[in-house]
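Have a look at the structure below, then the notes.
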Amino acid sequence: MLKTTIMLLITAPILFSFLFLALGKSLYKFLAWAFFIVGVVSSIMLVLDGTGKVEVAGSSFALFENIVLILEVLVILFVFYVSAKHKSWPTLALIAIQAVIAAYSYMNVAKVESASFNIDQFSQVMILIVNIIGTAIILFATGYMDHYEKHRHLDRQKTFFFSMSFFLAAMNGLVMVDTLGWLYLFWEITTLCSFVLIAYNQDEESITNAFRALALNLIGGITFSLAIIMLSVKFDISNLSAIGTSSTTAAVALPVVLLCIAGFAKSAQMPFQSWLLGAMVAPTPVSALLHSSTMVNAGVFLIIKLVPAFANTPLGIAIAVYGSFTFVMCSALALSQRNAKRVLAYSTIANLGLIIASAGIGSPLAVAAAIMLIIFHAISKCLLFLCTGEIEHTIGSRDIEDMSGLIKKAPLLTMLISLGMISMLLPPFGVLLTKWVSMEAASSNPIVSIFLILGSALTTVYYVKWLGTILSSSMDKNAVHHLKPETYFPLSFLGLCIVVTSILVFPIYDYFIKPQVTTLLNIVNIVPTVSGQGGQFTSEIGAFAYAVIFIVFALAILIYLATKNMFTPRPAGYYMCGENNLEKDKLMFRNGIGSYDKSSVSNIYLQDIFEENKLTTLGYVISILLIVVALVEVVVL
Amino acid sequence: MLENNVEIKSSSELLKIVQELKNDGYRYATMICLKANDGHELIYVLDKNYVLKTLRYFVKPSEKPKSMSGIYLCALLIENEYQDLFGLTFEGLAIDFKGHLYLTPNSPKTPLA
Amino acid sequence: MALAKSPWIIHVNCNSCNGCDIEVLACLTPLYDAERFGVLNIGTPKQADIMVVTGSINYKNVNVLKNIYNQIPDPKVVLAVGACASTGGIFHDCYNVIGGVDQVIPVDAYVPGCCPRPEAILDGVVAALSVLESKSQGKIKGKDVKLKGNEVPSNA
Amino acid sequence: MTTVIPFGPQHPVLPEPVQLKLELDNDVVVGALPSLGYVHRGLEKFIDTKDYNQTLYICERICGICSAIHSITYARGVEQLMNVEIPERAEYLRVIWSELARVQSHLLWLGLFADGFGFESLFMECWKYREAVMDIMEMTTGNRVITSMCKVGGTTKDLSKEHIDIILKAIDNLEPQVENLEKVFVNNYTVKKRLVGLGVLSKQLAYDVGAVGPTLRGSGVHSDIRESPSWSIYKDLNFKAVIENDGDCYARTKVRIYELYECFKLIRNAISKLPAGEISIPVKGSPAAGAEAISRAEQPRGEVVYYVKGNGTKNLERLKIRTPTFANIPALLQMLPGIKLADVPVVVLTVDPCISCTER
Amino acid sequence: MGMLNLVLSNFSRKPPTRLYPFDIRAPYENFRGRIIFSPENCIYCGICQKKCPPDAITVTKDEKTWELNVFRCIMCTECVSSCPKECIVISNERAKTGPKEYIKIVTPK
Amino acid sequence: MNSLDIAKIVLVLIGAPILGCLLAGIDRKLTARLQGRVGPPLLQPYYDVMKLFQKDNMVVNESQNLYVVMYVVFVILSLLMLVFDADILMIVFVYTVSSVALIVGGMSTGSPYARIGSSREIMAILSYEPILILYALAIYLLTGTFKLSALDNISNPLLMYIPLIFISMLFVMNIKFKKSPFDYSTSHHAHQELVKGMLTEYSGPGLAGIEIGHFYEYVFLLGLMFLFWKVNIIIGLFIALIAFLFVIIMDNITARVYWQWMLKLSWTVLLIISVVNVLYLYVAKIKLI
């Protein structure tokens, strides 16, 4: 049963990707609906099937192993081809190294006899995220891409939907498979798919950025394959789950660091962050996919799976410091950005840093926080990205300043994106809850706590700024609002998910996370002392009364509605120092030469203090230093 | 009668003399506009060490006097004022309020003219 | 009752020579301390109760005055301080002067003098307060003043 | 996208209606367009219907703050036109009142300025001290602000012995109080943070844009009409102009504070030298047709220039007033770009814009 | 800490505030409060009207009316000094604040 | 939830605004006295609020008062959580909701002055929030839990161990009370370049709501100061009073500074001394429980 579901989860997206290739554009809408339903159903099926390991052995293993081999060769050849075609020497060099390593491992590494899939609660969570959010994004894309292509005179939707669906397939494989060799294949396929998607526009900028993404991820790929070789040659480990349970935890530290570096690269952590920012050139659904449900999650997925290998070791502390550093640095970087997508990108990197920091701390509370943050972050961030894309189509700009007054023109959209933002920074929503959990968990480590504290203040600033701007009641840009079901259904659905998951946070914790943390940390008896009675989320060191806050939120809205008509509102113009223009625009005022000017206000971006280039350089230096420290630590100890 | 009075004949001469006086360290104090013989008389008042120098220039009825704001920036306000009040038009104003320095479209036009 | 205990003023300077303005400000300073009566100079019409006008109106500030008047929430009163605000004062027949404030908005109390002493202005505020109270009881609303009024220049 | 906001005309930080359209980029002013005319009444036309005596009352009401000096300057102009010599006592009385007016004006300005950088209690303090001068004004002239103590040919009021004693006593009180204020304005950390290096106007620029008064003297230019040969009386009173060299808001503040001490000195000297005699002489007749005069004086805000021209009747042919703020506005426009939004009120107030005299 | 001294000494002293409506200061002798007109000797010559800068006085010789717009008067005392019959005096009492109807018209027959 | 708790809730709901109103009254009276004035009656803030409820509800935007309700409700919630000894970190987060509501409320009106004021207030968050959380962290380090109930079981006051954080918190009070030198986003007397800043477009009942929220907020903020010496209620109240007086006196002896300056002050001086204090607790391993 489990096996069938696993196969279904991998093959169904592949099937859909070929259907997208085969069928005409007019049918995409229906395909996407079908895909969404299949995704939801199959992922829920997996959850219902329960956890367990599935071995693939014997003849079917041989068959699959061959397919894997062929695919791996194809991947390498493809990268060779495109790099040569676009004369991208760095990727060419990297893929050459990769090819050498692959050849080496093919010849020298002992062959395994079987492969296995390991379905634990974490995999279930990831499958839910990938298949529900991922397909929702594809559904959104069917409503989005026509408009997008019309503006840019492109006609590449076949490639687009094919890559998107294939991406999901690879991601499904990645989160379920336990054998490192296969995991590596899926890993490389996601890299490749993202490469294709980033290069979607086929202009100079997108191609450069796509190659940058490819190069940085290939570096991760190289460390990944080196780690595989080391693990299998030195320790005879070929399964992910075996690393943590290995008796020689300290000894495997070097390959673990290498795997973590691969994870950092995939999750676009500090020295690698530029690929994710560059990926912004792609259409918004791609960004949403990369940022929320797929690509970057693969990195943190791997790192969390490795938690047992570094929990409560100096390496763990190094990783925690590294992650929290990325958190504060990218939050600071986001402060000076006025391009909405860049703000979101930095916010993603920062939140992934937070996840990695929590994983690094390695206490039960922290690991629970890390997994929960993956869930809540994926939903909220996906909603934010898709809304940003829709805003861009509505007002023709992704500049935060231009969104001023959006509430007047697109109330539903504004409400949805506001929900997304509020869920990122205010209680009682999930992201803040997990931030609270990780802060409490990090309190044992001063450096990590201070980084988290600073980062969280910065986060508040850049989101509140944006939130205030869209909710302000002055419209500066012309807006064309079009309500399409295939765009608004996914948005509303995600908004609903935010609220529902935040309300159901405790059942989610109980069902998915608690057992997972127990297995990961191998602490059968001392389960994380978190309980959830009375609408409180209580740990040994604090309590988060999310239910009360939900009630108070609802109460506030009720009070507002009740009192709204007690004092009849009398609309009036703005205070313009007495120089209003009543005929044309409420924000106009008469100036010195007798004509009218429009008043406008831009937010504070602190570009001089939080200057992007300066901070980025600083971030590079410190993050590379931190990684080197981790490596040295591992080698020396 | 005012002391240090200089009669100026042409506008180019005026600009030249004002420029010379500026180089000589004179400060622009003000300019006075009077109605005279259908046209206007402009009296430029310049000051150096508490001693005033006055330049008189007669603006013919349809003449557009040259603005002094290129030499002394501060001349722009008084010149704009005379555009409002006397309906003169100065050429080359640094900021031209187009007759709306003080007056609005519904207020009396050129009240001093 | 509360209205009379917390009069927040907005001070609008129209064509004033500053004589009256200074005295209005002087009312707020230690020697006269209008805050004893809860008076605050609040700065935005949206939060004001009493509009204290000094100076007469001219063609440029007339719309400013009307806009501000319209932006004060009811109940509100207008206090004209000084000869200029009451009747145009010494400037009443200047070419750019329309006249006293009551030419364009309803005025509830006047303070004579050029310029009035702070005591007189305090008297004016007190007189305005009783009007404010009666307006509040009678739910009398101020009318929105139209911007395009009948102020046409004499020689236009 | 830059920020564009209207700053005025009805703005709590501006005592008078004037508008600046401010364009800001990242909280820094990049452009400022002034809008004038909110206080334009058209006084210079008034001479057509009022005679030269009545015109004095109008000149007084050009601005309530240096009302006294306006009337004195106007009177001096007309006296020049008509070749009238006024009694010596009147000259001294005029000095006493005009310096008292300067004291109240500077205290008023210090208060408003303190309010401009958000120092409310300092505002209260300055205005509290100022009331002493206002009381003297009311006692000696009959009105607090607009005094009507001057007329063509002398003064309308005289100072009695008791008045003089009260004035001297008030000044003795005021001097230590001003010293207290000086300590705050010159030494308070937050005040210095706000003022030092703000709105710098170089000596050359200040001179070239025609700035006057404390704005000019704060930039190191030695210029005070009280020193000019036309005001011989000030020389007798041992007057010295106050100069500061830095050209920033801090320097302009210091100029005004130190001028207060200079005023006290002048009042004391004038009182000690006050000659006995008439306070006015009767003035008969009308200014001759074509007669012209320019009369200048140093107001609290700087040099004022009156031009009067007679036409043989009681009414003047032309009256033209160049007021100090009018001359300082170009300087202000030079100072605004490059400062923060929060500094706009501070810089605007340091030239002490008197819009009502600017627009008349 | 000049300001700290100032505010603390303010706090320790009784505030100098004049409690105006409860404690009314006697006006200065010279204070120009309001114009008082006594019609007995007035000959309706109109000099005061002519001299008054803000045109606050209206005199009609035929109907023998003398009218003062208190709200326009600027207390300059030109009328006081110009009246040949000394019918006008200035008092140091303040003119009353209130509604505009407070315009003084005297029409002796 | 027993009857005692309910009584407590009712007491907070009713008592806090009365106390806050008195505090606001004392503030105004004291400020007046420091300025050498008589000042308004002690109950002036109450009259003001009652007056505002009688005024027209003038709005520029239909939803602007929603944010006022949010602000008030969340200030009350954070106060209640403080009274019920909840998790201090949580209290800080809930309190952030109220600040954000007010900021967004200001921005939602769309008035240029309100928007600039709100931007500045956002910068204020950046300067005080880290300090508040460091305060929470210090409490955790000293008691081993974020729950304030632990403070009932300690014998020594917090102030003895975290004096540097106390100093930073005094400045946080100054920022949150919106008093000079940090009154750049809005203030009671609108004598600034931004008219009334964030609150420019609020009037009548909406403004009354904000005022009431301020009353609760005053009590909440002083409650945070009270925690420094919770072991003895009298001294604790005294500490809170000191903080209150500090804010008022600072207000009267300083000019308004720039938000840039405040950011610099808090991220260099205040944050560093707080971090030093926290690091000291880590290193010295002081545990009160």
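Structural remarks
In this document, chain identifiers A, B, C, D, E and F correspond to the written order of the chains, with residue numbering beginning at 1 in each.
Criterion: a residue touches a chain if its C-beta (ideal position, glycine included) is under 8 Å from a C-beta of that chain, and two chains touch if they have at least 3 such contacts.
Quantities reported herein were computed from a predicted structural model and do not represent experimental measurements.
Counting only chains that touch, the fewest steps needed to get from subunit D to subunit F is 1. Number of steps on the shortest path from subunit C to subunit E, with steps defined by chain touch: 1. Listed by label, the chains that touch subunit B and also subunit C are A, D.
Innermost chain of the displayed assembly, by C-alpha centre distance to the whole-protein C-alpha centre, is F.
Ranking every chain by how far its Cα centroid lies from the centroid of subunit A, the top place goes to E.
Ranked by number of C-beta pairs in contact, the top chain pair is A-F. Mean C-alpha positions place subunit A and subunit B at a centre distance of 69 Å.
Distance between subunit A and subunit D, defined via averaged C-alpha coordinates, is recorded as 66 Å.
With centres taken as mean Cα positions, subunit C sits 60 Å from subunit A.
Computed centre separation for the pair subunit E/subunit F is 51 angstrom, with centres defined by C-alpha atoms. Of all residues in subunit B, those that touch two or more other chains are 100, 102-104, 111.
Counting partner chains per residue, subunit A shows two or more touched chains at residues 570, 572-573, 575-579, 590, 592-593, 599-601, 604.
Listed for subunit F are residues 32, 34-39, 53, 56-58, 112-113, 116, 189-191, 195, 200-201, 204, 252-254, each touching two or more other chains.
Pairs of chains in mutual contact: A-B, A-C, A-D, A-F, B-C, B-D, C-D, C-E, C-F, D-E, D-F, E-F.
For subunit A in complex with subunit F, the residues that touch the partner chain are 405, 407, 425-427, 432, 436, 439-440, 443, 446, 449-450, 453-454, 456-458, 460-461, 464-465, 467-469, 471-474, 540-545, 548-549, 552, 555-557, 559-560, 563-564, 566-575, 577, 586-587, 599-601, 603-604, 606, 609.
On the subunit F side of its complex with subunit A, the touching residues are 53, 56-66, 69-70, 73-74, 77, 81, 86-87, 89-90, 93-94, 96-97, 100, 103-104, 106-113, 115-116, 118-120, 122-123, 125-126, 129-130, 133-134, 137, 140-141, 144-147, 195, 200-201, 204-205, 263, 275, 278-279, 282. Considering their complex, residues 1-2, 22, 27-30, 32-34, 43, 45, 50, 52, 54, 72-74, 76-78, 85, 95, 100-104, 111-112 of subunit B touch subunit D.
Subunit D meets subunit C in the complex at residues 9-12, 15-17, 37-43, 45-46, 49, 57-58, 61-65, 67, 108, 111, 123-124, 127-128, 131, 134, 138, 143-146, 354, 356.
Against subunit F, in their complex, subunit D makes its touches with residues 3-7, 11-13, 27, 114-125, 128, 188-191, 193-194, 340-342, 344-345.
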